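Below are structures written as structure tokens.
Here come two complexes built around subunit A, the first alongside subunit B, the second alongside subunit C.
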Partner chain A sequence: MANLIIHSPILIIAIPLLVAFLTPLIGRASGKARDVLVVASLAFVEFLVIILARDIYLNGLRVYTLGALSPDLTIPENYIVPIRIILEADSMSIFMAIITATVSLAAAIYSLSFMKEETGQDRFYTLLLLLAVGMFGMELTGDLFNLFVFLEIASIAGAALAAFRTRFADTAEGGFKYIVISSVAALMVLLAIGLFYAQYNLINIGALAHVMQYTMLDKIALVLLVTAFMMKLAAVPLHMWCPDTYSVAPAGITIMLVVASYACLYALFRTCFTLYGVCLNLTTVGWIVIIFGLLSMFIGVTMAVFQTDIKRLMAYHCISQTGYMLLGIGVGLAVLDNPEALNAYGIAAMDGGIFHIINNALYKGLLFLTAGALFYRTGTRDLNKMGGLAHKMKWTTIFYIIGALSISGIPPSNGFASKLLIYESVYQFNPILAIVAMITSILTLASFTKAFYSAFMGAELPEYQEVREVPKSMIAGMAILAAGIIFFSLFPGLVVDRLAQPATNALINRGVYINGIMGGGG
Partner chain B sequence: MSILGLSYSPWSPIFWLLAFVVVMIMAYFFRRRGQKKYKKDTAQTKIFLCGEEVPEAKERHIRAHNVYWGFFETMKEYYDTNIKAHTGIINDYVIWFLVLIAINAIILFIVGIV
Partner chain C sequence: MTEGIPFNVPFLAVAALIGIAFYIIVSQRNMIKLVLGLSILASGVNLFLITLGYRKGGIAPIYTHAPEGIMVLPVPQALTLTSIVIAVATLALMLSMVVHIYRHTGSTDSEKSRIMKG
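For the complex of A and B:
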């Protein structure tokens, strides 16, 4: 077991990568064997992530140097800087990896039935696993260039998956938009990395943070990185691709694309807190993040209420919920150099923002899967054409209610707990921000009530007389996320203490991350 | 494990659920004391529209685009402006990106100078 823990950072990336390329070979022999292999590999990765998370919680961060005599030998003998590819897993990165592993597993199980009638399933699962590899890589790497490479892997796989069902007219457009914005964002990230390399001869995050001087070029790199990651995580006004892509992707893939955008959120946090940290003009950058958050919350939710396409409605809510995370983290960033304010409400705001990431991955994932279930049975995403489906799809209705109550922040849901943390702490920073957040929550409830009424309520419609509940694997995929929501709702203290708070501390104490690299000389 | 420490007061979903169960029991108690002449699956339970003929299910279901009509009418200007900005053209998305890079750079450099 000790060996497994030591090598788990690389195994979490390598196993899905290996299985991704095995999938077409095994799929030729047996479709069932391929399905079992895909689900089993993701289940094993989930196990690895959990044991690594436990290890990090007990023993602190873990580094893994590829090609070194010992994985923790980050700086080779006779060198003063790290030159090898290094993975660095701290509480923040493993927090994100837990989300990725859980959602990827649920998405794969759900897709077994959802994609059953589609052609080219071997390619589908290869791409799904590559998307997971891209996300895990972004979350676990300690190296900026590798971050770029994994960002590209996730972007290409995500675009191909969004456009996978070519028999629908709009899928190619969704996939095309995703690859264009991803490529533009990735190019800016690469340009920023070039600026760092030109100045410091380094691309390792910890080593760069150690020598960061905040020169003019560093400021340009900061602007490029922040804007590029904001684009990828669909913060307003860079959000417009999001509903176009999320609405056409298969439901299982949509939830993975949501998590892929959170991997970019992680990259944004890593940039602001670890790479630049106190070098930044914290109040300015904090307020930039807060304004992005406010715009995302309000414009996202008001556009969502207006929608009649259920997946576009949910996609706009993704934008809106990202706003809460940016708001919480932005407040923490703005007061990072003010210990009094940081202890009074900054840490709580960051806890709330980080807790909201995992909550949103669970309930937004569940809601997208219920939207997929409705599409699977009715053949439409148009809420104007739906009605009375609760009579026929009881499990889907129950899962929708769980997800909708949670995203709307209705007690005792996990969404309520994270929003309450954000409201309370942000109110102390600036009451107007908390008021906008509460209005957003009310409008969220309004739009999910609209979707619930339109799709599920009312008498049975004659065109849906033959509709029945979705297959068991789709129910199982939804059940995994619903179980997560219920658990997180009942034990918010546990989740905040064991997951969110350590992640916040990992962001605040950048010295630990830097020392993980610079203190590992041979 | 279930208690979340907050700055004003702690939050516990378990206590909330206990309170919810108590309220539900009270509601059930009052409901039991209500009208007992209700007969399931009789004419009593059918829809009554002042004696008018009840439309088919399809016709009486209010569709999504009618929900919150008043809200959208009131916010018409906001929505017109907002929808106009969502062109669906990828070139516009990239232009927004470039504009945001410029704005962020200006803010950061102005602050740096000041």
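For the complex of A and C:
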């Protein structure tokens, strides 16, 4: 068991990678065996993530040096800087890995039935696992260049999956937008890595943070990195690709793309807090993040109100929910060098923002899956053509209600818990920001109520006489996420103390992360 | 041969490539041209990385039986190699998507082939 924990950082990445290339081989022999293998490997990864998370909570961060005599030997003898590939998992990275593992598992189980009628399923699962590998890699790596490589892996797999159902006319368009925006973003990241390497001859995040001078070139690199991650995050005004891609991707993949964008959110936090940290002009950068957040929050929700395509509507809400996270973290960033304000409300704002990531991954994931279920049975995403589906699809209706209540922040849901944390703390920073956040929440409720009435309520429509409840595996996929929401709603305090708070501390105390690289092994 | 070239000429080329690429990406409506713009951007960034690692008169960084003298930096070369491989994969995927878009809509013009709006 201890051995398993020591090697778990690399296993979390290596197992899905290996299984990804096994699936076409085994799929040739039997489709059932392949399905079992995919789900089992993701379940095992989920298990590894959880034991690693427990270990990090108890013993602090864990580094894994590839190819070294012992995994914690980050700096080889006779060297003063790390030269090997290093994975570094602290509370923040493992927090993101928990989200990725849970959502990937739910997505894979859901896709078993959802994609049953499609051709090329072997390749579908290969790509799905590669997308998971890309996300885990981004979250666990301690090295900027690996971050770029995993970002590209996730982008290529994600775009191919979004465009997977090529029989539809619009899928290739959605996939193409995703790959274009991803390649531009990734090349900007690579350019920033070049700028760092030119000055410091380093690409390790911890080692770079250790020697960061904040020169003119570093400022250019910061602009490149922040723009690139904001593009991938679909923050307004860089959001144009998001509704198109999310609405055409298969539902199981949409939720993984949402999580992939949060992996970029993680990369953004890592850049701002760990890589630059107190070197930054914190007020300016904090306010830039806050303004991105505000714009995303408000414009996202106002665009959503007018949508008639259910997945497009949810995609716009996704943009708007990302705004809350940026708002919470932005406030924390703006007061990072002011201990008094940080303790008074900065930490609470960041807790709220981070807690909101996992909440949103769960309820937005659940909602996208119910939208997929509606599409699976009715063959349309147009809300105006749906109606009366609550009579036929009871489970889907229940899951939709759970998700909609949670996203609108109705007490006592988990969405309410994280939003309340954000409102309270942001109000002390600047009351106007909190008011915008509340208005957004009201509009969110309005929009989901409208969607609920159009899709589920009313008389049964004659064209949907044949509609039945969706297959079991799709219900199971949704149930995993719904169980998460209910658990988080019942024990929000536990989640904040065990998951969100340590993650916030990991971001604030960049010294710990740097020390994990520069202090170990010697 | 490289003696006569001032050291920052490659950097000017990098700036030119990246500038041209961004101009193409922003201005062109033809999706094939857009993909080519991205390819130029990748080349610009790769050239940047390679130039960073170059040392005047340096030899290839292979330690076995190495002659005397300074070596060029190996890390940027490794980075560039990885980046080239990734760029090829992305390029192939993007072009195949353009083919699919063309089959469905009969146009590679991003304004005419657009299905989703709003």
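What we mean here is this: the second predicted complex is superposed on the first by the 521 of 522 C-alpha atoms of A that agree within 3 Å, B and C clash if a C-alpha of one lies under 4 Å from a C-alpha of the other, contacts with A are read in each partner's own complex, and residues count from 1 in each chain.
Definition applied: contacts are C-beta pairs under 8 Å (C-beta built on N, C-alpha and C of every residue); 3 or more make two chains touch, one makes a residue touch a chain.
Since this is a predicted model, take the numbers as computed values, not measurements.
Participant: Quick one: classify A:491 as touching subunit B (first), subunit C (second), both or neither.
Facilitator: A:491 sits against subunit B, while subunit C stays out of touch.
Participant: A:211 in the overlay: touching subunit B, subunit C, both, or neither? Say first, second, both or neither.
Facilitator: Neither partner.
Participant: Kindly classify A:6 by the partners it touches after superposition: subunit B alone (first), subunit C alone (second), both, or neither?
Facilitator: neither
Participant: Of the partners subunit B and subunit C, which touch A:176 in the superposed model: first, second, both, neither?
Facilitator: A:176: touches subunit B and subunit C.
Participant: Touch test for A:388: subunit B only (first), subunit C only (second), both, or neither?
Facilitator: Touch status of A:388: first partner only.
Participant: Identify the partner contact of A:410: answer first if only subunit B is touched, second if only subunit C is, both if each is, neither if none is.
Facilitator: Neither partner.
Participant: If we overlay the two complexes on their shared chain A, which of subunit B and subunit C does A:306 touch? Say first, second, both or neither.
Facilitator: both
Participant: Given the touch rule stated above, what does A:145 touch, subunit B (first), subunit C (second), both, or neither?
Facilitator: A:145: touches subunit C, not subunit B.
Participant: Touching A:184, do we find subunit B (first), subunit C (second), both, or neither?
Facilitator: So A:184 meets both subunit B and subunit C here.
Participant: Counting residues of subunit A touched by each partner, does subunit B or subunit C come out ahead?
Facilitator: Touching more residues of subunit A than the other partner does is B.
Participant: From the superposed pair, tell me which subunit A residues show up as contacts to subunit B and also as contacts to subunit C.
Facilitator: 176, 180, 184, 244, 303, 306.
Participant: So in the complex, which bits of subunit A are touching subunit C?
Facilitator: Checking each residue of subunit A against subunit C gives 145, 148-149, 152, 155-156, 159-160, 163, 166, 169-176, 179-180, 183-184, 186-187, 190-191, 193-194, 197-198, 201, 203, 243-244, 247-248, 303, 306-307, 312.
Participant: List the residues on subunit C that touch subunit A in their complex, please.
Facilitator: Interface residues on subunit C, with respect to subunit A: 18, 25, 31, 34, 38, 41-42, 45, 48-49, 52, 73, 75-76, 79, 82-83, 86, 89-90, 93-94, 97-98, 100-101, 104-105, 113-116, 118.
Participant: Using the touch definition up top, name the residues of subunit B that touch subunit A in the complex.
Facilitator: My answer: residues 1-8, 11-14, 16-17, 20, 56-58, 60-65, 67-68, 71-72, 75, 78-79, 82-83, 85-88, 90, 92-94, 96-97, 100-101, 104-105, 107-109, 111-112.
Participant: Quick one: in the complex, what on subunit A touches subunit B?
Facilitator: Subunit A residues touching subunit B: 176-177, 180-181, 184-185, 188, 219-220, 222-224, 226-227, 230-231, 237-238, 240-241, 244, 281, 284-285, 288, 299, 302-303, 305-306, 308, 344-345, 348, 382-384, 386-388, 411-412, 417, 420-421, 424-425, 428, 446, 450-451, 453-454, 458-463, 489-494, 496.
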